[in-house]
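In what follows, chain A forms one complex with chain B and a second complex with chain C.
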Partner chain A sequence: MTGIIQIVLSPLIAFVVGVLFLGLARKIIARVHRRYGPPIYQPVIDVVRMMSQRSISHGALFELGVVLALAGSLVTVMLIPLGGTEAFQPFAHSVLCPLSSSGGLLVVMYLMLFGPLGLALGAGASANPNASIGVSRKMLLALAYEVPFLLVILAVMSQYGSISLTEIVARQQQASWGVLSVPLSAVAAFLILPAMLGIRPFDLVTAPQEIASGPLAEYGGTCLALITVQKAIHLFVVIALFVDLFLGGGVNLATFLVKMLAVFLAVEMINAVLPRVKIEDAIKFCWKWPTALAFVQMTITVLSK
Partner chain B sequence: MDRNQIAKWLKSPAKMANKYSLHAVYFCTGCGIIEIPPVITTRWDAERFGIIPVATPRQGNLFMITGYVSLKTLKAIIRTYEQMPDPKYTVGFGSCPINGGMYWDSYNTIKHLDRYIPVDGWIAGCMPRPEAVFIAITHLWTLIDKGKADGYLRYQENYAAYRRNQEMLFAELEWPPLYPCDSIAEEARK
Partner chain C sequence: MSPQAILITAFAGAGLVFLAGKVHSHLRDFLAVLSSLALVGLIAWSHGQYGPDNEIVYVPDFLGMELALRLNPLAWFFAIYIAIINAASVVFSLSYMKGKEKLGFYYSMMLLVNAGMLGIVLSGDFLSFYIFWEIMSWSTYLLISYRRGPALHAGMKYIIMSLVGSCAMLVGILSLYAQFGTLQIAELGEAIAGSSSGYVLFILMAMGIAFGVKFAILPLHTWMPDAHSEAVSPFSAVLSGVLVRMGMYGFLLVMYSIVGLKTILNLGAGFFNFHYILSWLGAITIVIPTFIALLQNDAKKLLAWHGIGQGGYMILGMAFGTSLGVAGGIFHTINHGSYIALLFLVVGAVEYRTGGVRDLNRLGGLIQRMPVAFFGCLVGIMGLIGMPLTNGFVSKWFIYKTLITEGHPFLAFMAFVGTWGTILSVYKLLHNMFLGQLPEKYKEVRKAPISMQIPILFFCFVIFLFGVLPGIPLRAIQGIQDTMGFAPLQLTMWGLASGAGALNMLNICFAIVIAFAVVLLLMRLGAKPRRVPQEDSYAAGSSVPAGKYHHSVEFYNPLYQMISPYLKDRVDQFYYWAADKAQGVFELTRRIYTGYAGTYVLYIISFLALLIFLQLAWEIW
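Let's look at the complex of A and B:
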C-alpha cells in the first residue's frame, strides 16, 4: 500500500517542485537583472495557456517523442530517494523512493538519457533544420557531460561500495557527506550541472536567438506544455541526484527540498550572469576541467580503498 | 494574484491564461523594433505581465508587427501568422501598418495591414514609446475579457476575402489556402 502511495506521491512532488523552480528561476534572473520579474506561478499560467491552444502535429513520432521524454523523466523520479532515513531520528520518515530496489544509480544514468532522446526523436520527425541543429548540439553536449558524469559516479560508487542510491545516501548520513569524502567529484559534478540542465552558459541547445529554440522549434500548444512539464521534472531529477550523491540526501522531505533549493539557487545565479558558449567550447570545457577533477578523485578513491 | 480574479480563473481558465501569458512574436519589419528591447529588458520589464519574446511562431500567441510592411515581408507575415496556433492576437505597432505612415506614397509598401491579416489592435505613433506597448497590452486584456479580440475567428470566417486580397497583391501564392475557401472552390469548378 505504501508502495502505491509513494509511486503516486514522488512524481507529484517532482511536478509541483519542478514547476515552482521554473518560476523561481525566472524570478531570480529578473532580480539579478534588476527587474521585478513575473509572478512565481507564471509557468503554471503558461502551461494552462499552451494546453488551451490548438496543437500542430507533424506525425505520430512527433507526439510520441514528447511522451517518451516525459515518461522517461517520470520513471527516473521514482528511482531517486527524496529524503527519509531508516535510522531513528526526530522528524524522520522512511525513505521516499518507490523503486529503490531496482538497479539504483546505473539505471538512473541510462534513464536520464530518455529525455534528450525522446525530444530528439520528436524534433527529428518535424524535419525543421533548426531542430536538427539543436538535436545534434544536444547529442554532442550529452557526449560532453556524460564523460565527467560517469567518472563522478564511478568515484562515488567505489567510495561507498554500492550502486544503490538509498545505500549511498544512508552511508553519507552515517559518516560524512559526499562533498567532504569525494570533494573533487562534487566540484566536477557542480561544473557540469548547467550542461545537464541545459541552462546558461550551456543553453546552446535551445538557444532562441541562434536556432529558434532548437528542438522545440516546431512544438506548440499541448506538446509544448508537456515539454515544459518534462523540463521541470528533469530539473528536479538532476538537482535531486546532486543532493543525494553529495549532500547526504535528507532525513525528511523538508530538509531534502531545502538542500535542493540551495543547489538550485547557486546554479541559477550562474545562469543569470553568464553568456552562452559555443558547442565546441562547451565540449572543450567539459572534457578538460570537470573530467580532470573527476579522474583525479576517482584515482585517489580507488587507490585508497 | 488579485483576489477578485479567482472567480474568473475558475470560470474560464483558458481565457485568463491567454491573457496573462502573452508570448510575443515580434516581427521586426522596420524601425519599430528598436523600441522593443527596452520593453522586454530591465527598464520597462514586460516579463512582469507574463510577456516574453519567443523564437518561433508555433510557441507564441501575440503577433506584433513593428514598422512598415513591404510587399516581400508581407508574404512572410502572412505565413508566420498562419503558423501560429489559435487563439492568437495581432497588434500593429506604429503608424506604418495602420495607413502607410511616412510611406503613404511608396510603391513598395502596403498601406493597410488589416486587409491582409486580421488585426486586433493598433498602437499609433511614430514612434510609440515603450509605455504605449503596455497601454496596448492592458487594452488587449480588456478586449480578451470581453471576447472582442477575435481576429483569429474573423480570419477563419472571412478567409476567402483575405485570401483574395492577398492574391490581388501577389498574383499567385506559394502555399495552399489555410481554410476551405469559396473562391478556390469556384476555380476548381471551372
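Let's look at the complex of A and C:
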C-alpha cells in the first residue's frame, strides 16, 4: 500500500515543485534585472492556457516524442530518493523512493536519456531545419557535460562502494556528506549544472533569438504544455540528484526540499547574469575545468581506497 | 538430436541449394529458407541433450587423432544464436538479392558460412575446430568479394589478416599436440592444469591473435570497416552479428573451458596481469572505434565501427572472470547480435528501396514512406545505446556493475564514454535517414517488402523480450557458467535479486508503461492538434523550400573539428606501410633469382667458400 502511495506521490511532488521552481526562476531573474517579474504561479497559468489552445501536428511521432520524453522523466523521479532515512530519527520518515531496488544510479543515468531522445525524435518528425540544428546542439552539449558527469558519478560510487542511490544517501547520513568526502567532484558537478539544465550560459539548444527555440520551434498548444512540464520535472530530477549525491539527501521531505531550494537559487544566480556561449566554447569549457577536477577527485578516491 | 545430424543438415543444405540454383530459382529460394529454418528447429529441439550420448567420433583415426563432435551448454547457446541470425538474414535476402547474378552461389555460401560456424561450436577437438574455422574464413572471403570491384580488395585485406590469425592458431594447436599428445578439448583441460604459467600464456597469446583478428579487437580490427562497406547487407548482418563473435566463443572456450578460471586470474603479476591487460585492450576497443564511427557518413561503415566498439564491452565483461562480468559479456554477445543485425537489415531495406543509397548526407525524411524500417531503426539504436527496456541495457548494466564493484572506475569511465559517444552517432544515423525533410527524389519510395519486414520485426521483438525478461537467456548462460565453475548468480526472470544492488526490469517496464499511459491521457485532455503537412513549418515569415533544407551534412561539425585530428586510423596506415615495405623486401628477394645458371653456380660456390672459411676460422665441425 505504501508502495502505491509513493508511486503516486513522488511524481506529484516533482511536478508541483518543478513548476514552482520555473516560476521562481522567472521571478529571481526579474529581480536581478530590477524588474518586478510575473507571479510565481505564472507557469501554471501558462500550462493551463496552452492545454486549451489548438495547435498543429506533423504526425504521430511528433506527439509521441513528447509523450516519451515526459514519461521517461516521470519514471526517473521514481528512482530518486526524495528524503527520508532508514534509521529512526525524530521528524523523519522512511525513504521516499518507490523504485529503490530496480537498478540504482546506473538506471537513473540511462533513464535521463529518454527526455532528450523523445524531444529529438519529435523535433525530427517536423521538417524544420532550426529544430534539427537545435537537436544537433543538444546532442553535442550532452556529450560535453556527460564526460565530467560520468567521472563525478563514478567517483561517488567508488567512494561509497555502491551503485544504489538509497545506499549512497544512507552512507552520507551516517558519516559525512559527499560535498566533504568528494569535494572536487561536487565542484565539478556544480559547474556543469547549468549545462545539464539547459540554462544560461548554456541555453544554446533552445536559443530563441538564433534558431527560433530549436527543437521547440514547431510545438504549440498541448504538446508545448507537456514539454514545459517535462522541463520542470527534469529541473527537479537534476537538482534532486545533486542533493542526493553531495548534500546527504534529507532526513525528511522538508529538509530535502530546503536543500534543493538552496542549490536552485545558486544556479539561478548564474543564469541571471551570464550571457550565452557558443557550442564550441561550451564543449571546451566542460572538457577543461569540470573534467579536470572530476578526474583528479576520482584518482584520489581510487588511490585512497 | 545428435550434433552430427545438425552438421549434416547444414552442409547438405549448402550443397543442395547450389545444385537447385542450376535448376530453378524458386526451388533454390525455397530450399535455402527451408534448410536455414530446419537448422533452427533441429538445434532448438536438441536443447538440454548434453552428455556422453551426444559425443560422436566421426573420424576415428586421422593421423592417430580422433575427430569428435559434442554438444554442451556453451555449444548449444552459440549454435542457436548462429542459426537464428543466419535464418533471418536468408529470409531478408529473398527480396534484397532478387535479380542479382550468381544467386545459387550466394545462398550456398551463406549456408556454408553457417555450417562452418556450427561446426566450430560443435567441435570436440582442436583439429576439427581448425578445419571448420578455415571453412568459415574462406567462405566469408568469397562472400565479401561477391560484388567484385573494390570488394576484391576488401576481401583480400580480410583474408590476409585472417590467415595471420590462422597461422598463430595453428602454432598454438601444434604446440598443444606436441606437449600433451591430444587435441580433445575435454582432455586438454585436465592436461594443461599442471603446466607452467609461461606456457599457458603462450597458448593464450597464439590463440588470442587468431580470435582477436576475427573479433576485431584493436589493433587487429582494420579489415572490418572495408569488409562491411563492400559486403551485401544481409551478409553484413551475419558478419557483424555472429561471425565476428566466433572470436568470443574461442576466448570463452580457451580461457574458461580449457585453461580454467583460477589459472586465468593468477596469470602474471600485479599490474601486468593477463586479464587486466585484456580488459584495457577491451576498453580501448570501446572508445576509439566509437568516436571514429561518429565521423562516418556511410551508414554501413558507421555500424561496422560500432560493431568493433561493442566488442570491447564483451571483452571487458569476459576478461574480469567474475560471475556477473562473464554473464554480462556472454549476454552482450547475443544482444549485440540481435540489434546490430537489425540495424544492418534496416540499412539494407533503405538501400533496396532508394536504389543503393546509404550515404547519410543524401537521405532524409523516410519515416513517412518506410514506417516499419523506421521502427526497426529506432529499436535498434535504443538497443545499441542500451536504453532501459532493451536487452542491451541489461548486459551493459551487468558489465558496469562488475567494473564498479571490482574497483575499476577508470575502465568503467571508458565504457560509459563509449556509450555516450554511441548516442551521438546513432542518432545521426536515425535522423539523417528517417527524420527531417523528405527529398523530392524519394517521394515515390515504397515501404519495405514483407520478407524484409518479418526479420526486422522479429529482431525488435527479441530486443524487447530479452530487455524486459532477461531471465530467459540468462538461465541458459547460467548453465554455461556452471560447467566453467563460476559461482551462481541470484537470477530472477526480470533481472537480478540481491539486496541494494538488484535489478528489476519488470518494475521499470511497468513504471514506463503506466507513465506513458498517464501522459497520453493528459494529452487527450488538451485541445486536439490539427494535422498539417510536414513542409508547413515555421521560418520567421519566409517559406522553407521543400526538400532542400534537411540539416544533415556535418551534423556535429563543431565536434568533428575538435576530435578528427586525433582519430586517424593509424593502425591501418601502419599495416599498409608494413605491407609496402614487405613488398620491397620481396622484390629484393626476387632479384636473387636471376634465371642464369651461372649466377646460381656462383651462389653455390660462394656458399661453400663461406662454409670453408667458417670451418678454418673457428673449427665448428
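One rule holds in what follows: the second predicted complex is superposed on the first by the 305 of 305 C-alpha atoms of A that agree within 3 Å, B and C clash if a C-alpha of one lies under 4 Å from a C-alpha of the other, contacts with A are read in each partner's own complex, and residues count from 1 in each chain.
Convention: contacts are C-beta pairs under 8 Å (C-beta built on N, C-alpha and C of every residue); 3 or more make two chains touch, one makes a residue touch a chain.
Given the structure is predicted, the values throughout are model-derived calculations rather than measurements.
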{"item": "Partner chain in contact with A:G221 - chain B first, chain C second, else both or neither", "value": "both"}
{"item": "Touching partner for A:V302 - first (chain B), second (chain C), both, neither", "value": "second"}
{"item": "Partner chain in contact with A:A212 - chain B first, chain C second, else both or neither", "value": "both"}
{"item": "Superposition-derived comparison: chain B or chain C, residues of chain A touched", "value": "C"}
{"item": "Which superposed partner A:P183 touches (first chain B, second chain C, both, neither)", "value": "neither"}
{"item": "Partner chain(s) touched by A:I56 [first = chain B, second = chain C, both, neither]", "value": "both"}
{"item": "Which of chain B and chain C A:V75 touches, first, second, both or neither", "value": "second"}
{"item": "Touched partner set for A:P201, first chain B, second chain C, both or neither", "value": "neither"}
{"item": "Common interface residues of chain A - those touching chain B in one complex and chain C in the other", "value": "51-56, 130, 212, 217-218, 221"}
{"item": "Of all residues in chain B, those that touch chain A in their complex", "value": "1, 13-14, 16-18, 20-21, 23, 41-42, 45, 47-50, 53-56, 58-59, 61, 83-87"}
{"item": "Partner chain B, residues of chain A touching it in the complex", "value": "26, 30, 33-39, 41-42, 45-46, 48-49, 51-56, 130, 208-209, 212-213, 216-221, 224"}
{"item": "Residue numbers on chain A that touch chain C, as the complex places them", "value": "7, 11, 50-59, 61, 63, 66-68, 70-72, 74-75, 78, 99, 101-104, 106-107, 110-111, 113-114, 117, 120-121, 124-130, 132-133, 135-136, 139-140, 142-143, 146-147, 150-151, 154-155, 157-158, 161-164, 166-167, 212, 217-218, 221-223, 225-226, 278-280, 283-284, 298, 301-302, 305"}
{"item": "Chain C - residues contacting chain A, complex", "value": "365, 367-368, 378, 385-388, 393, 397, 400-401, 404-405, 407, 409-410, 412-413, 416-417, 420-421, 423-424, 427, 430-431, 434-438, 495, 499-505, 507-508, 511-512, 515-516, 518-520, 522-523, 525-532, 534-540, 544, 546, 549-552, 555-556, 558-559, 561-562"}
